[in-house]
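The structure is given below, and queries will be raised subsequently.
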Amino acid sequence: MKKRKKSGHIARTRGEQIGYAIIMLVLGLFAFSTIYPVWHVVMYSISDSKLSMSGGFFFWPRGFSLKSYKMVFQTSQIWIAYRNSILVTFVGTVMSVGLSAITAYPLSRKRLHGRNFLSMVVFFTMLFSGGMIPLYLQVARLGLLDTFWSMILPTCMSAYNMFILRNFMQGVPDSLEESARIDGANDFIILVRIILPLCTPSLAAIAMFYGVHYWNNYMNCLLYTNSTGLQVLPLYLRTVLNSAAANALSASSDLSSLGEAASVLTEETVKMTVVAVSVIPIILVYPYLQRFYTKGITVGAVKG
Amino acid sequence: MKKTLSLLLALVLVLAVFALPAMADEKPVLTMLISGDNNPSEVNSVLTELGNRIGAEIRVTMVSKTDYSSKLNTMIASGTEPDIYGVLDTNTLLELRDAGRLLDMAPLLEEYGPDILAYCGDKLDMPVANEDGHVYALVSEAGTYLKNLTIRKDWLANVGMEMPTDLDSFYDVLYAFTYNDPDGNGVKDTIGLAPSMADTSSFQHILAAFGIGVRDWDGKVLLEDGTVTTFIKHPRFLEAIEYLRKLYKDGVMDPDFVTLTNMQMFERLWQGQTGIMGFQSVGTTNNWYPGRYTFEVPADPSELFGFAYLNGAGAPKAYPDYKKASAVIKASCKWPELAVKLINYIYYTEEGQDLTYMGVEGVHYEWTDKENGKFQRLGIYTDDVVHRADGAFAYNSSGGYTKENAETRLMNKTTQDSQAAEWACATEWPYIAQVVEADVEYGATLKDIVKECFAQLIVTNGDVEAEYQEFVARWDEEGGLEVEAEATAAYQEEQAAK
Amino acid sequence: MTQTKIAPNRLKRYRRMWRDIRADWILYLLLVPGMVYVVLFHYIPMLGVANAFRDYSAVTGPGAWRGLEIFEKLFSRVAFQRAFRNNIIISLFKLLCGFPVPIILSLMINEIRRPRVKKFIQTAIILPNFISWFIISGLLFAMFSVTSGAIPGLIRALNPNAVITNVLQDKDCIRTVVIGSYVWQASGMGTIVYLAAITGIDQQLYEAAMIDGAGKWQQMVHITLPTLLPTIIVLFIFRVGSVMNAGFDQIYALSNSLVVSKIDIIDTYVFKIGIEQAKFSEATAAGLFKSAIGLVLVLTTNYLAKKVDPDSGIM
């Protein structure tokens, strides 16, 4: 009934064509609605504050001004914060993915004694927490206060990501493992050589989750560190944002209007700039990660 | 064995040689936690200068206001709190005091805190943490500004009206500002009142005209029978609601007012969509002037703005918040004298206030007319960001703890005068200095009910009276009655003591 | 009698277990870092849940034991009861509406033929996840504001006499807005795991199906969905476990005086009482309560999943 074409596509029925059109329409509209906020943020941030005050939608910038970017990037502190954030995100993601992988692998093997119990032990951490202060006291006890590692270790493994990975690993058929074992490979080698490569898409997915978590997390930095030298980007941007808002509320006075050139930068513009500055790096890096889970694997390894 | 031992001994000796002189002239270090949103460099001119004047190295951690309690609570829990910090919640403050974790500054004040003594005098025992001559906490009296009802005079002239003096004339102005094209551009693009529910400032003067003084949503009023209770129980509350309903129905008040943020409310004034603002003049005629306005403004703010008093009633009075502590010193502070000296200097002396507010004279700024609070910033410090990164305006953002401080000294005359005028006719309300336990317990919930009641009664199409009774019943049921009883007792006790 | 019988059996089992562990020691060694981590950073701090049963202050540490008093006090508050009710309603609808959407989206994206378009759509739909709720609520205001909103403007253009209300301050509409905006915001991120799973499907299966004459719809029903099922189940169990987290940031940003009693949830309630006073015990109790509900739901779901397919579930 259906003939194969040389490209591998098959001729579609009328129903399938209509279905495809509907899918494209729905996805197109959805994508438009999801792109718009980022577009809005960027357009607002490069608009002239005085013109953008009237609000509404921003399909194009109103006027043009990079004043807010100048304000955000002027101090040396933002570069320190950028450096710290990149370090925390990179080191943290690598460690987290690694820790999740070596934990997920044993828990995915049915022959592991106490597998259900240990899985439950990890799962519990997602449900129950003792609150902010007990965790702080523990971080203090471990001597991590005011160190780089305090921004990574306390949130190093998420049960959610670990279980996603475990689930994918469970899908790898035992036969592959058996044949490797006959060749003399031990579990570690099997994990590194066979399991992980087969799980690249899911590794990329959880790397994405971890990366975003570390990039956006300011709580660890806020609570566990005191020195400005360890400040991360989201915390820095938070202070920029808050100071902009506080100035206008004038419970405290704004010196800018007492001095010479009065400020024509509104809080809203600063807010948009701050969001743009923190989101754009993610959007730039994302396609590289995305490659790993959009490229299909055709080794016939993962069972249905 | 012997060799190892002697080697070890030698090592210890060498270490001792290095360690001893270091210990001998160990420089005093004071750590501070400050709630604020500026991000000065760790080492900066202001901090260095301050350190030199005090004779100690000063290390400051700045934390945003929103994150301050989390940070402080964790520090307190692990015993790593800094030498000097502020405490925003009363219970924690009293617990700290009772656990002996706060320094009693009283014995040190004469020598190291003369300006604190001189300024506070009898008021030293006002903060709830201070009792029987012990001084554990200092409370800032700065920034207690009154709201003004600021109205654009040019718009009044355009629609041919006078400054309103009562509720009727205020309504007429609102109507004209909405429908009579006050900005003269031929388009209906203005609105009389664009209030925000973020705080009560937009409604204070209207409520005051009905005799209700409300500075905050949990504000209380004194009833005729002596009961102190929420302002929604004021006998004239529904009258005020009727007035506001009329504004809402007639379209002279922004229909989105419940969702408007503070900032959106300001922006409507800045860009000339509204000509009336209930907010302290410190904003309208000083901090925002002229930079934030998108239209042409005269050099003198008093030419553009005037201030209205409805039925002669001004905004409700403001009191310092003695239930918290702007500054405490931890009991285990190694240099308590220097800590007191530091607080005394930056918050209570003019010199110290100026240093932490404007920066180092001659480096960051110079006076052009010191008498009238005119100065100019120098060189690269004309730029806000650079100025603040070098430590100005960061450690003392409200200008000091004194009522007259760096901030008020630098205000323009219009602002100073309007604040004074507002004080002259300010509306009284039952201020309670002590902690009302039930308020702490149920305050957050009751505030939500009051706000919902206020907003709902303005917009509802249903039976106002019935809905009002429901809200009052809810308020009573969810802890309000307890608050009422405790607040009444506390107020009467304080009145009797006077 | 029976005891003597069991003992050797048990011994035998232990011995076998020990033998297995020795043989597979690397497998067990790999678990060590993860377990050390959960003990150090989760279980030791988790002892803090004890604070739900006693007084706790940051200043003096743990105080007197209170048994269930703190819970009783919390549950007796009318505001808490209201928050709990709202929490259940909002959570339930978020789960019902929010859970299937990423699956449907993933299946739709999988059908896109052009790789570039596919990649573009995939990137586009995760974007709202990076925008804070305060900005989204600003955009919603730009849409729904009575005076300047886009939608009221449109309605007015169609019917100048229409009575327009701002749905953001409308008691009857606000929950719909909350759930709708949640689905819109979170679905894109939700597709990532499903897409990764779809990517892992052996392409030969599709080719074989095509040769058998299966259309796109049949391929989806017979190949893609069954492959996704284990992932769907695991994600569902996780979602159920955290169902009581109804989205603090979102609710906080969309809240206003008129609708607060309709959308106040446990988290926002706890946050508010926390601001007034450092009520650590009550906050911990509320958290523990939420966790306990989550646990019950997870165990039930897991049990049901196992009944259907013994290989599925998380434990």
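When the chains are written out, they are named A, B and C in that same order, and each has its own residue count from 1.
Convention: a contact is a pair of C-beta atoms (placed from the backbone, for glycine too) under 8 Å apart; a residue touches a chain by one contact, two chains touch by 3 or more.
Keep in mind it's a predicted model, so treat the numbers as computed, not measured.
A.B. asks: Could you tell me which shape the graph of touching chains takes: line, ring, star, complete or other?
C.D. replies: complete
A.B. asks: Going by average Cα coordinates, which chain is farthest removed from chain A?
C.D. replies: B
A.B. asks: Whole-Å distance, chain B centre to chain C centre, using C-alpha means?
C.D. replies: Roughly 39 Å, centre to centre.
A.B. asks: In angstrom, rounded to a whole number, how far apart do the mean CA points of chain A and chain C lie?
C.D. replies: Each chain reduced to its C-alpha mean, chain A and chain C end up 17 Å apart.
A.B. asks: Would you kindly tell me how far, in whole Å, the mean C-alpha position of chain B lies from that of chain A?
C.D. replies: 37
A.B. asks: For chain C, which residues are shared contacts with two or more other chains?
C.D. replies: 58, 141, in rising order.
A.B. asks: If I count partner chains per residue in chain B, which residues reach a count of at least 2?
C.D. replies: 73-74, 77
A.B. asks: Going by the contact rule already set, what residues in chain A reach two or more other chains?
C.D. replies: Residues 54-55, 133, 137, 268 of chain A touch two or more partner chains.
A.B. asks: Could you list, by residue number, the parts of chain B that touch chain A in their complex?
C.D. replies: Residues of chain B touching chain A: 36-39, 41-42, 61-67, 70-71, 73-74, 77-78, 80, 143, 262-264, 266-267, 270-271, 273, 280, 282-283, 286-292, 294, 357-358, 375-377, 382-389, 392-393, 397-399, 407, 410-411.
A.B. asks: For the complex, give me every residue of chain A touching chain B.
C.D. replies: 50-51, 53-55, 71, 74-77, 132-133, 136-137, 140, 145, 222-223, 226-229, 236, 238-240, 242-243, 245-264, 266-268
A.B. asks: Okay, in this complex, where on chain C does chain A touch?
C.D. replies: These residues of chain C touch chain A: 17, 20-21, 24, 26-28, 30-31, 33-35, 37-38, 40-49, 51, 58, 105, 108-109, 111-113, 115, 118-132, 134-136, 138-139, 141-142, 148, 150, 184, 188, 192-193, 195-197, 199-205, 210, 213, 215-217, 223, 226-227, 230-231, 234-235, 238, 241-242, 280, 283-284, 287-288, 291, 294-295, 298, 311, 314-315.
A.B. asks: Can you tell me which positions in chain A touch chain C when the two form their complex?
C.D. replies: Those residues of chain A that touch chain C are 1-2, 4, 9-10, 12-13, 16, 19-20, 23-24, 26-28, 30-31, 33-38, 40-41, 54-57, 99-100, 102-103, 105-107, 109, 111-113, 115-116, 118-131, 133-135, 137-138, 142, 153-157, 160, 162-164, 167-168, 170-171, 186-188, 191, 198-199, 201-202, 204-205, 208-209, 212, 216, 268, 271-272, 275, 278-279, 282-283, 286-287, 290, 293-302, 304.
A.B. asks: Mind pulling up the chain B residues that touch chain C in the complex?
C.D. replies: Residue list for chain B touching chain C: 69, 73-74, 76-77, 89-92, 95-96, 99, 101, 191, 197, 254-256, 258-259, 440-441, 443-445, 448, 451-452, 454-456, 459, 474, 477-478.
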